[in-house]
Amino acid sequence: MRTFPAFLKAQQRFAGLYRMDFLLKLLYGMLAMYGVRSLWVVLYAQDPAIVGRSLPSMITYAMLAVALDIIFYPSALDAAPQNYISEQVRTGRIDTDLLRPMDLQIQLLSRNVGAAIFSALWLVLPAWLLGVLLLGMELPPDIYYGVGFLVSAMLSFLILFSLNFLLGMVCFATVNIGQITMAYSGMITILSGKLIPNWLYPEWMQTLIRFLPFRCIFETPLNIYTAAVTGRQIPKGLLLQTIWAAVLFGMGHLLWKGMHRRLTVQGG
Amino acid sequence: MITVNNLSKTYRIVRPREGRFSALKSLVHPEYIERRAVDGIHFSIKDGEIVGYIGQNGAGKSTTIKMLSGILVPTSGEVYVDGLIPHRDRKEHLHNIGVVFGQKTSLWWDVPVIDSLHILKKMYRVEDERFQKNLALFTELLDLGNFLNQPVRQLSLGQRVRADLAAALMHDPKILFLDEPTIGVDVVAKERLRKFILEINRERGVSVLLTTHDVVDMEKLVNRVIVIHGGRLIYDGAIHGLRERYGRQRRMELQFENEPPDLTLPGVDTERMEDGGLAVMFDQNAYTVDEMLSHIRKTGSTIRDIIIQKADIEQIVRDIYQEGGRDV
Amino acid sequence: MKEFWFHIKMYGALLKMTMRSMLQYRADFWMSLVSVVLLNGANIIQLSVISWRFHSLGGWSVGELLVLYGMFMVAWSIFSIFFRKLSKIEEEIVNGVFDIYLLRPVSPFLQLVGGDINHIGLCDTFMGLALVAAGLAKTGVRWDMEHILWFVVFILSGGVIVVCIRFLISCLAFWITKAKALSSLFTQLYLLTQKYPVTIFGKVFRVLVTGIVPVAYLNFYPATYLMGKPDAPPWLCMLSPVVAFVMAGISALVWRQGMRRYDSCGG
């Protein structure tokens, strides 16, 4: 696993050059958190019944979504698998990836994990602390929910990674994936519970969302943290996430295997 | 044409800091270090001269050129170019000069060369007739014909520099500043560039100040060299004078009957040659040839053959760079 | 006067060169329009769902929110069509292009601005106008001639303001390296003011986006005035051209200082 080297590299860069960047990004994150907080304070005042949960719980949900988003979308763009793959395909360097003994998927995962751990430690942890201290973010009710959230967030990360990797595979079909990427991230934004909690959607859409993996990315961990699910529902949620993660990761694996064979046999 | 009096340029650079939040500290309360890039230099260049401006990277060459072209304001001292103060009379001054950087083009990257020339014509308000005359002349002398209609990004380096030269001369400047015009260009193209520069200098009386690392440029192109080191002017004069002043370096190539000796003497460089011999470089101010030979004999080695050479300009310039020059 | 025409002519000539360069890398207009719709789709859906559920957001109906969102896009597009290069001073300095500007007898500012034109930005204009139209249709508000005139004034002022903000941040490159990081902070400000009425963020924020980084003049004040909202007094909204003027003045001063700084420090 190259997680640790990737993490170290990020660490070194951080120590050397980018401290100013870091502060600004933290501020940026705080501003975004303040933004969603204000939104829900106003909406709650308008109609608490529609929000459907207590105000502290709602703003915690919304602000934590912002924080998770920072981890999930690392600022080093090439840490994200779809960006890496599309760049390699575009420049024709994907051949070198084929020659490496290590599986591309694992390799990219470890890069992505390294970058994510880095931003989790240096951006999200401080942002979370400040959120708790200044913006009225709640703590999880007990350690059980807390740990449940952490496990769930990791599974979210794996699901998102697997989806991104699948998107990367599309690059082999068409180099120009700009619009596809946008549609894809729009879909995640809308259907994951990141921007709009899913329970606000019309009934038919909620049903649809239930059958899609996207809600496992944000809604599941956030609901655990805010104790919007009962303790007994937590394992169920985690299990569902695990299944999605396994299925999507497996699909990526098979697709890459196939692509690998095609590329090596046909010579690109 | 150019007069430079006691010219200095001091940069204030923010001192990088160590420790926590250093970037923030530097922003809020910067500490400066002063660095003298150019330190009290004097020279003047007459109409129609071609002067080589020589120095290591970081010696202050580019800073001088930038001050002469009006991009940088001197910290102290005076610069006059054709009676104008470059940074103060910038607009007028820019019509008098042409600048070519060997390392970067001033042409539009993605459009044909001829289009760049046309827009420069508009910028410098060159009259049609003059433009056509110049275009015809440069096309012929620089052999631009083949690639006038190609975008710059498709040109070879040599072609690109030729195009840049033509662009810099379209408005009939009186002075040409060339910053390493021949760097990276192949030998044939270099020769063509030199011929062109000489021709323009002779026919139009354009003064040329060029920086270069290329010794052939110096020997074939330049009447006079100015050497700068660490921001200070250390030599200004004819190129053969440079050889006289610094050229007491000797290179002695020796073949031995037995193993060549290890020679460790202060101020002497040795180098094993491919044929098994030993090259000894030394300065005649420090050792006479006789002294050197007796030093070698003392090691117990027997000399079979010997060649003694004068240092060439390349060697001299390298030495000046290494030592920072002796007092002028 | 002659100088003025010379500069206008030069701008035209520079743009012509730029357009020729861009023909090499032409982006498909229609695909870009799709991209713009996709990029903004999530926000539009979010606003729609919120106003469907809560009937309004801070007193703004869905139609009004669409006008708010659309006006931002239109004003922003003025920047992205004509003035993107102004936010790239740092790059121009680092790769040495800035020196070359200074070696030509034409204003470096003009050479900078003339170095880019982006017809794809029209996608933002179109989508923004479409959203404004949709918002108006939804609310049933009819604009008369006076409203339309004000709309134009607001959009132009907003355009000037956003250009100036981006330009001022970019000018920081004359003093500090890595000024770019700052711009992402401002991006976050826009992200908030583009889709939400600034009243929901409280007083401090409102002062910030009105008096310090006046992004509220891109859409909030204009929409407040044009839709007849009680969120701000009309005179404050109508200050828009004045704010634009002041921003332009500050920009000119900062640019001059920046150029002086560059003269004495180089790249």
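Note that the chains take the letters A, B and C in the order they are written out, and that residue 1 is the start of every chain.
Everything below uses one rule, namely that contacts are C-beta pairs under 8 Å (C-beta built on N, C-alpha and C of every residue); 3 or more make two chains touch, one makes a residue touch a chain.
All figures in this text were calculated on a predicted structure; none of them were measured in a lab.
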Query = Of the chains shown, whose Cα mean is nearest the mean of all protein Cα atoms?
reply = C
Task = Tell me which chain's centre, taken as the mean of its C-alpha atoms, is farthest from chain B.
result = A
Remark   = Separation of the C-alpha centres, chain B versus chain C, in whole Å, is 45
Request  = Determine the centre-to-centre distance between chain A and chain C, using the mean Cα coordinates as centres, and give it in whole Å.
outcome  = 30
Ask   = How many angstrom lie between the CA centroids of chain A and chain B, rounded to a whole number?
value = 54
Ask   = Which parts of chain B, given as residue numbers and ranges, touch two or more other chains?
value = 23, 27
Key: Multi-chain contact sites of chain C, meaning residues that touch two or more partners   = 178
Request  = Going through chain A residue by residue, note those that touch at least 2 other chains and give them in order.
outcome  = 20
Query = Quick one: in the complex, what on chain C touches chain B?
reply = 6, 9-10, 13-14, 17, 20-22, 24, 95-96, 99-100, 102-106, 176, 178, 263-266
Query = For chain B, which residues are in contact with chain C within the complex?
reply = 11-12, 23, 27, 63, 66, 69-73, 75, 87, 90-91, 94-95, 97, 99, 101, 104, 106, 108-111, 115-116, 119-120, 122-125, 151
Remark   = Residue set of chain C touching chain A in the complex reads 31, 34-35, 38-39, 41-42, 45-46, 49-50, 53-58, 178, 181-182, 184-185, 188-189, 191-192, 196, 200-202, 205
Chain C partner contacts - residues on chain A that touch it in the complex = 20-21, 24-25, 27-28, 31-32, 34-35, 38-39, 41-43, 46-47, 50, 178-179, 182-183, 186, 189-190, 195-196, 200-201
